[in-house]
């Protein structure tokens, strides 16, 4: 076995987490820098993964496989296909920025005197690194059981991040805020736990069926898919559907899909902006990713069976999320509902079962991560300045803090997927993919882009434009260097991928082909296909070969 | 008469002890009632050892005594502590173990 | 030569990037950079143009393939440019007028501390617009399409401290977005129909597809066009868009952006030709908007809004012409170009007037300005003559052709359309005369009012562009008319066939002139002879409705905004109470249950003991029963 | 002498192991002593004063010891007397002394329905046990004659040190641990060195409370036993005059009404001699004169509790200083 790159990539932040947690109380900034360096090193490793990954090569690469729990056929199996590779890259990419943005978030909870037991800063960044480690490994896991464990384990650090380091800028005062915070944290935990438990049942069920179909039970994704391919593994329809539902429910909670979404606005609203980004841009992606890899990969027939319902729910999510975003008074909740709408798009793309839809969905995961990060982090900077999340408390910020307003606007435009910025590509692909199989759904979803424009521009208008009336707003300083350093690269990425998404599609497409072959689907053919000829193959018909007389 | 009567007697004493444990509030009295129950148990053991004609029963009883003694020692010590801290030997006063 | 096409877009894009990211150090010189880059792009356009003239009609089209943009299976989008005669026409118009307006803005925005950003936005707009007309496939066109929308959003809302400006900007973007959705769906349809959405394959194979599909595509394209070109029913944003600085109104809302819809329809001519139903709809939309804009224009006292109304109506002409098919495309574009000149001139003139009247826009506070700002008067007057179609000026030629083509549509349709266009011409003459009279003639109503303005001529940087545009609006039409040169020039792209109108050309021309004179006369009777009241009279019902843009906003408010608000509020409630309530309800239920059971845990050792003994008793009973059984 | 008869009978029945009934003497003793045992048990449960219960329990245990002897468990019988009646019960009594001999809990039940539940459970259990025994139907029994052939103690020992040796050792260890544990529990660690008399005096001065030594008990009361509180001029008994321990145990006696009356009269006289009558009303009748002596203890405990709280407050004050 060659150098275990994936394991190292996942292990580095884990080790870093422990190290950060061990930093003595007096050395707060040391902990911060340590966390930052570790996450940056992880990014380097993730890039190495992307480089080592050969799009033309085998489906899963950089694979490692060791027996883990022999009695249950559980193996430590990791490997990446194109989708996983880019998502790992996304995770590793975002975390350094998140840490950079969260530089001072833990200071508020710092005790007055350094205290050996209670070291919030160390804990905060350690938890973030822990989340990163788990997410990366769960993207890489090709063993269902291993994935399940990580899927559940990442709830623990998230719980503490939400409940312990929430947003202090609460309208209803400190202890009301604390109440809201713990409510949000518990809600997050319970929702995801319920999903997880149902999934656990399905995992056990999977073991049972594999063990009586394949002789000895296994959780290995590759093994199962191969067995399915050569017909050694057929599931009874109903059992397959039950198992599918078990898995899908958990992922739909995590994603989140309407009507299982209500935990997200609380969680994102009450946690600090960087943590909110961690939730929506990194952790939730595990849900959609898992739909793509496990639901479709393990239970293709059931997935097809469920498609109409899922697509309907996805459409509801899109419009519902957008409409609620329009109705929000609280910036972070607004962004949360926008995310719900976007997750609707992702799920729509996944279950449209066209290659455009699925690569679109994959790109959507990445680009939504980056764009939401940009928007949410800037919003966070704004909130931390004014100490309020209510849109009504702002107005005319653009006048006093033009750079902040500009970055905010770009983030917003990315969120409404303006052409030229990355999210446009993914959204358009998803819509095309959906339309080519389900035209009506495609059209309904398209109406979502108008609503997106509505809520983004409403927020921008109410916060940034107009006369500066409130003195607190007049006192708002513009972006600081650290903050600009966090946001600028994200914006640069948005523009770059908007112009040259090919760099990602080349990696993603082969993986999508594999998924398509898993579900035995082909893209619908156009009615009057034209060979993709270039312009100069055509000569405009001109019956009057009139020269001109100028 | 048959030695089983001893067992009947033991049952009776045991019951009385039990009721005592339930209705008395003074920790020490409760303790005494526990002792009563233990003794009743001992009596059965002894009686059975006679009925079956081997000494294991007596040995059991012996062990019970020893253990009871130990228990009394520790228990009383606890009561004393309790009394020191809350100046009352009533078991109802120590009712903090609740939600 | 191909390799240069990219630079057309590249120059202004570079300018935008530099100016927007440049920061303070560009405050002093930034605007000149903007002007230079716009100019560079114009020069390059001219070079390419002359190079193109040197070739024969069917080698003229150039094509540049930059890189493959979004390749996913059969979905192949490229970043590739196509410069044919149609695109070339637009390039010259955009860069030419654009550059002039850049120069004009240097003076106009002199005292604005955010001038650098303004020029950045202008350059961004040019880049997007050029991308729109140069793209060789609909997806790339879509990028330019929304890019233009973004630029206009930024420019309309440039004075963001004014809430009205911010609202207007948002409104413009949203309405446009509706149109964009239409364009997106059109692209989906093309992809599912042809498996491609590049111009060449789609357009040259359009006839293969069924008429139903083509009609659908056509209607979606029309929706997009309505959004961008402010055609009924998506016209509501144009009036408010006048919140932006006047150069913006001139550049975006007169010369270039609003014509994008016409470009789209003309470019997609092959599809419309094969879908007559769609064409009919286009014509109807054009006709309706033509009258609509004209009527609105008659009632407005705000000079810019009056011009906005006229823009709407002129574009109505173009759309109508484009809807006529091969007999109209060329004339639509021709009118577009001439309109670009004189409408830009009119707007710049209006701007210059406002500049001199410290930003007063109400024409009832103007009057008799001709002797204070002669240059403005002359240029504006030439633009005026051009737009009303005074014989010999460019407007005359282009509009006359359209009216003729309208009759040539044939059948009752033809008669109706002809009548409408003539009526439109009359009304145009009426309201433009009204503007002219109220602004430059009559007594000086601005005297004796609070902070009385001191009318004065604008600086050179503003007058020169006006003069240039005035030349354009005088001679362009004639130039194009000579030997149908313009038509032939466009023919390879848009095709052309002579319409056979039931009335001979001279008759139509005569009718046009007469109606025009009637309009002028009516206006003179109302505003020329009698003094203009400084306060607007209550006016007839129609007038009042027209002042409120024929109640379009009220309609939208009732039909869309209110229901939307209630819907969102309702949904927020539902989300909190129902969706979330269900979950919290279960939680509460469990809480209550445990609350009850917890009472058992009362902390009294003795009651625990009771339960213990009870349990023991039960166990004994159970064993006994077991033995009994 | 029961034991002797038992021994003889067992030796006599050595050959045929199954015997149906015991000697009449034993039966008689059973019925007599058994009744007493039950009465003792009932006394343990029902008597209000802990001391009385303790004594009743002791009695029951002695009788049980006799029954052991009767059942041929000579060693156990002796152990029962020595360990239980001797050691354990004495321990109980010691603790009772520590906690307050005369402290008795009123039998009025505080927990709702506890008593009835208790009775139900207890009787139910008893009934079940007895009925279970009734089912058992043991007619014949093997005496211990064979087992006790060469004496009960050696027999026990031989088993204890062979078969049960491990348990035996463990139990030994248990006892040791228990002893150590008890000492640990009851041993109170002194955190700070005990104050010298001087320090206490200075503290009092600093606190400016009770600069003079505390008043003696029984002043003005009928007689001056330590557990009688002295009376304040207005006739209210003062807790300061009796020792804190008594207070905490609630063993402070009440002062009879006539004593109070006499105080009132006395004061009246002095007042008259000074010609100041307006003091009159403050020597009013003693509060609630209709107090019967029975619940004096309860009352006493009550006042004791108040005093306790007072002392608590004082301690807290010190702590705050």
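Each chain carries a letter (A, B, C and D) given by its place in the written order, and its residues are counted from 1.
Simple rule for what comes next: contacts are C-beta pairs under 8 Å (C-beta built on N, C-alpha and C of every residue); 3 or more make two chains touch, one makes a residue touch a chain.
Note that the structure is predicted; figures quoted are calculated from it, not measured.
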{"item": "Of B-C and C-D, whichever chain pair has more C-beta contact pairs", "value": "C-D"}
{"item": "Farthest-lying chain, centroid of Cα atoms versus that of subunit B", "value": "C"}
{"item": "Euclidean distance of C-alpha centroids - subunit B vs subunit C, Å", "value": "96"}
{"item": "Cα-centroid distance, subunit C relative to subunit D, in whole angstrom", "value": "100"}
{"item": "Subunit A and subunit D: spacing of chain centres that average the CA atoms, whole Å", "value": "71"}
{"item": "Centroid spacing, where centroids are CA-atom means, of subunit B and subunit D in whole angstrom", "value": "15"}
{"item": "Multi-chain contact sites of subunit D, meaning residues that touch two or more partners", "value": "111, 114, 117-118, 121-122, 125, 129"}
{"item": "Numbers and ranges of subunit A residues touching at least 2 other chains", "value": "none"}
{"item": "Residue numbers of subunit B (touch at least two other chains)", "value": "18, 22-23, 25, 92"}
{"item": "Pairs of chains satisfying the touch condition", "value": "A-C, B-C, B-D, C-D"}
{"item": "Residues of subunit C defined as touching subunit D within the complex", "value": "604, 606-607, 610, 613-614, 616-617, 620-621, 623-624, 627-628"}
{"item": "Subunit C-facing residues of subunit B, complex", "value": "18, 21-23, 25, 91-92, 94-99"}
{"item": "Subunit C contact footprint on subunit A (complex, rising order)", "value": "187, 190-191, 259, 261-262, 320, 323-324, 326-328, 355-356, 359-360, 396, 398-399, 406, 413, 418-420, 424-425, 428-429, 431-432, 435-436, 439, 442-443, 446-447, 449-450, 453-454, 457-458, 461, 464-468, 499-502, 505, 509, 512, 523-550"}
{"item": "Residues on subunit C engaged by subunit B in the complex (per definition of touch)", "value": "598, 601-606, 609-610, 613"}
{"item": "Parts of subunit D lying in touch with subunit B, wherever the complex brings them together", "value": "17, 20-22, 26-27, 30, 34, 37-38, 41-42, 44-45, 50, 53-54, 57, 60-61, 64, 67-68, 71-73, 75-76, 79-80, 83-84, 87-88, 91-92, 95-96, 98-99, 103-105, 109-111, 114-115, 117-119, 121-123, 125-126, 129-130, 133, 136, 138-139, 141-148, 152, 155-156, 159-160, 164, 167, 171, 174-175, 177-179, 181-183, 185-186, 188, 248, 308"}
